[in-house]
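Multiple structures follow.
You will see two complexes here that share chain A, one where it goes with chain B and one where it goes with chain C.
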Partner chain A sequence: MSEILRCEKIRKVFVVRDFLGVNRRNVVAVNNISIKIEEGTNTGIVGESGSGKTTFAKIMLLLIRPDEGSVYYREKEITRLSDNKLRSFRSKVRVIFQNPYKSLNPRATVGRTIREAMIQTDSRKQEIEEILMRVGIPKEYRTRYPHQLSGGERQRIAIARALAGFPECIVADEPTGNLDATTEIHILKLLEDLKRAFNLTYVFISHNLKLVSNICDNIAVMYKGNIVEEGSARSVSEHPLHPYTKALWNPETANVSEEKETKNYTGCAFANRCVFRRDICLQTEPEMVEIEKGHFVACFLYE
Partner chain B sequence: MKKLVLKRLLQVVPLLIGMSFVSFIIIQSSPGDYFAQMKMNPEISPSTIEHMKTSFGLDRPVIVQYLMWVKNICRFDFGVSFAYHIPVRTLIKFRVKNTLCLAVFSIFLSWMIAVPLAVLAGYREGSWFDKLFSLLAYISISLPSFFVALLFVYFISKTGVLPLGGTRSVFDISAGSFTIFKDYLRHLLVPGLVLCFVNTGWLFRLMKNNFVEVFNTPYILAAWARGLPAGSVIFKHTLRNALNPMFTILGMEIGNILNGAALTEIICGWPGMGSLVLEAVLSHDLYLVMGSLVISGFLLIIGNLIGDILLAFFDPRIRLS
Partner chain C sequence: MKNFLRRLRKHSRISYYSFWFLIVFYFVSFFADLLVPYHFDEQFRNKPYHPPTKIHFVDNEGKFHIRPFVYNTSMDDPVFRTYREDYSIRYPVKFFVDGHERKVLFVFKTKKYLFGVDRPAGIFLFGTDTYGRDIFSRLLYGGRISLSISMIGVLISFVLGMITGGFAGYFGGITDQILMRMVEILMVFPSFYLMLSLRAMFPLNLSSIQVYFLIVLILSLIGWAGLARIIRGMVLSIKEEDYVLAARSLGLSHWKILVFHILPNTFSYTITAITISVPGYIIGESALSLLGLGIQEPYPSWGNILSSTVGNLKVIGDAPWLLLAGAFIFIILINFNILGDALRNVLDPKNW
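This part shows the complex of A and B:
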């Protein structure tokens, strides 16, 4: 198995200014994240809202450039390439956004949206209809506009659009976040079918650990811009190690205190909510350590 | 599309009737009339004034006056102006042409300036370019049109680069039509540039906001993620969506210029509708006011119709529904 995407020590800091632009505050959205996406696997990136997972996804797609660190596509560094030089990468690594009500151009017909997403500009009606059939949309929908479609149908169009360039990898940012439960099952089933048919690699970004552990091979758990636990879906779901991962599994019974105000110490980002906190947690940032084979965690409880 | 235009044109009729009725009543019930001044003049006998009132039909009840007026309008007879003693139609025809020229010129120019600048500023939001033009737009919005007009007139009269007042210079009879046209344009420039300056500021602001709003939507991010070239993302995806609300604005703008240009027209000495209506209202010149109002209302409705048609033309979704 060869790797498709690799991120090394990615860091991204946003500068937030107040109204007059006098006071600046740095918000670390992504802090020193490394991840490897192997061909043919499903990788899940899980975290609550505000954990930086969407920012990280945008960095993986180079829609945002990282401040530090590198992104590799098939062993080639592409972090600083111009948008023009990234065009072949962009056709190979596609994205599906969370909200299908916002991610489709309201003025473009379904057919135009898909035609534009294909690399060959001379693609004909037939090819567009073929892709529509693939995602379970009748070919008559070619001439319709997004406002005439339901949420599930729109998300299918968004998937068709991602599929149109025959990509190797699709990054899906909460692909079912805005859909109801039954539609969610249909969309996930569709993604699974497409994976087999087109030999795709998926990266799922989600807040739902249960959902991700069902469909992914590997899982990375993010908290406040850091990856706190990483491993195969099986080991992360069967023996979650990090207190935060445990909390994600059982939000009702979690031993996690309410979030305190901003972090004003140097140590582990989770320490101010952690009930197992020790003195060292506030002073030093924990390193990733391998507990089982391929299962890493960044927590002092396991040293 | 044809149906849309026809439907909208038919809607004009009840609208004009309602508008004219209300304004007729209001003008007639406001205190004083055109003959109030004549009454003060001892040289004019009361019987002469009574005679004039009868000849204009002003001795009858207001409703009857209105119905008579409507009957005449249907024959394109707008009545006679009290003050000018010539048919209102002749007066208005000349003024409407000037105002339309002024409106078309200034609206066209301000769009040509505001839209490209707004796209550039929106694309590079926060850059020095954006900041500079946002400041200029702020100035343009804050300055009242009469002040800009005064400044401009002062500047023009000092330098003498453009003719001031009226629509044409004095020529000998042999002047060709092209010379006259060029001369008309030069006269148009002064009020035209003033109105353009006043309009461009808020157009720029609106357009930039629309552009930035669309530019930050997920479907534009999706367009970048597909690797579409920047030109296609900016013009095909962002600009077209950002222009939609602007067409509604265009319709409103035509009405705005018809009503709001009065001050500019008066200061720059441009004989347009605005100054005519103002004069007529002040002197209670009933038929002139009514005639101008009907024409202004008609142009306003036509302006909105043009905006709607453009919107339907550029937005496929409206054509469908």
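This part shows the complex of A and C:
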């Protein structure tokens, strides 16, 4: 198994200004994340809203450039390459966005959307129709506009678009986030079929730990721009270690308090919500430690 | 197109009729050569300020005629310019008459027009001006100039606005700064004075064709700035949309993203803005011609037909038909406004 994507020590800070630009506030969206995507596996990145997972996905795709750290594609650093030089990377690593109502150009027909995504721009009608069939869309839809389609159909088109360049890896940012439960099952099944047919590697980004643990091989749990726990899907779901992972796994029973005021201490980002908090949590940031083979956690409970 | 018409009709009947009215009007003025009884510089020197010709069906002996006819007129009172009809000879209105050769759309030669009467009688549907020229003919010919100037002008400023606004909004940073400062410089001048001073940069004794293109150029130079600013704003918001991000993630070039993904999504606004700004061009042309800086006699434009009434209050009382040019401007204006208002909704893909 070789790696497709590797991110090392990614950090991204957004500067938020108020109306007159007088007061600035730094928002750390992604804080020191490293992750490795192996060929043929499914990796899940889980976290609640605002944890920086979408920003991280965009950095992986180099739609946003990180402030610090590097992205490697097949062992080659591509972090600072220009958009022109990234063209082959872009055809190999594709993305599916969360909201199919926003991710399709309302003025382009389905056929145009897909033709554009193909590498050779002179691709014929037949090839477009083939790809549409693959994602379960009748070929007559080629001439339709997105507003004539349902949410599930749109998401299938978005998948077809990602598929059109015959990519190696697809980053799916909550691909079922805006769909109802039955459509969700169909879409996930479709993604699974396509994985087998095209030998794809997926990166799933989701807030739903249960869903991700069902379909992924590896899981990384993100909180406030940090990865707090990482490991194989089985060990993360069978014995979650970090208090935050436990809370995600079982939100009803978890005794985690609502998020309080912003962090005004130096230690662990989760400490102000954590019931197991100790003094050290507020003072230093925990390091990732390996508890079992391949299962890492960043928490002082396990040191 | 068929879809478009159906949607327009569904949106509101009146805008649908406006659309067709404008199309018909454009056709009428472009094919004016075939329709009008007189060429725009054909003069009846003995019939200045002639009121609209009466078209009769019944002669003065009370006999009814199927074919409408006119009487020749002669000037009764040279001071008040009143005319008296001469009942001795009837001049029937003839359809598809022969006359002087004209060129339709500057290409096809024709000798037949839609209607006319034998000389020395004249048929002046809207009266004549101070040289005895038929106002009806001049209005249709003038519409050709006024409407085509507005059409070409609006297209040029549309293209300029799209390019500048698109570039400024999409690339941002220094490009945005430079382009927007340029636009602002253009916008700080009151447009009417800018128009006058631009016109003043060129000599007055230009040929009509040169003046025509000069006016198109001046009007579009003034018009693009506002459009560019608004398009920039729209591009700024559209470029943050997911589908633009998706296009970037496909590795499309900036050019393709801008042309195929961003700019088309400004169309529902820009086409509306264009439609609503067309009247501004007609008025701008009229204003220049009114001041004698635009289209020169004998070529007619709505502006210079109207300008013959300026400073001559007596004309307004004695020959009010000269003001019909204003009525034409008004009608075109109102139709464009109704249409533009409807287009805003009709062109939005969300309403399809």
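Just so it is clear, the second predicted complex is superposed on the first by the 303 of 303 C-alpha atoms of A that agree within 3 Å, B and C clash if a C-alpha of one lies under 4 Å from a C-alpha of the other, contacts with A are read in each partner's own complex, and residues count from 1 in each chain.
The rule is simple: a residue touches a chain if its C-beta (ideal position, glycine included) is under 8 Å from a C-beta of that chain, and two chains touch if they have at least 3 such contacts.
Here the structure is a predicted model, which is why all the values come from computation and not from measurement.
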Query raised in the report: Is this a clash or a fit when chain B and chain C both end up on chain A?
Result: clash
**Report entry** Touching partner for A:H147 - first (chain B), second (chain C), both, neither
**Finding:** both
Report task. Considering only touches as defined above, state whether A:R11 meets chain B (first), chain C (second), both or neither. Result -> neither
Requested in this report: Name the contact category of A:S91: first (chain B only), second (chain C only), both, or neither.
Outcome: both
Query raised in the report: Of the two partner chains, chain B (first) and chain C (second), which one does A:L63 touch, if any: first, second, both, or neither?
Result: both
**Report entry** Partner chain in contact with A:E116 - chain B first, chain C second, else both or neither
**Finding:** both
**Report entry** Of the stretches 20-28, 38-46 or 110-118 belonging to chain B, the one that collides with chain C
**Finding:** 110-118
Query raised in the report: Looking at chain A, which of its residues have contacts with both chain B and chain C?
Result: 58, 61, 63, 83-84, 86-87, 89-91, 94-95, 97, 99, 102-108, 116-117, 145, 147, 158, 161, 165
Query raised in the report: Where on chain A is chain B touching in the complex?
Result: 58, 61, 63, 83-84, 86-91, 94-95, 97-99, 102-109, 116-117, 145, 147, 158, 161, 165
Requested in this report: Write out the stretch or stretches of chain C touching chain A in their complex.
Outcome: 241-243, 245-254, 256, 260-261, 264-265, 267, 349-350, 352
Report summary line: chain C partner, complex, touching residues on chain A are 58, 61, 63, 83-84, 86-87, 89-91, 94-95, 97, 99, 102-108, 116-117, 145, 147-148, 158, 161, 165
Report task. Spell out the part of chain B that touches chain A in their complex, as residue ranges. Result -> 217-219, 221-230, 232, 237, 240-241, 315-317, 320
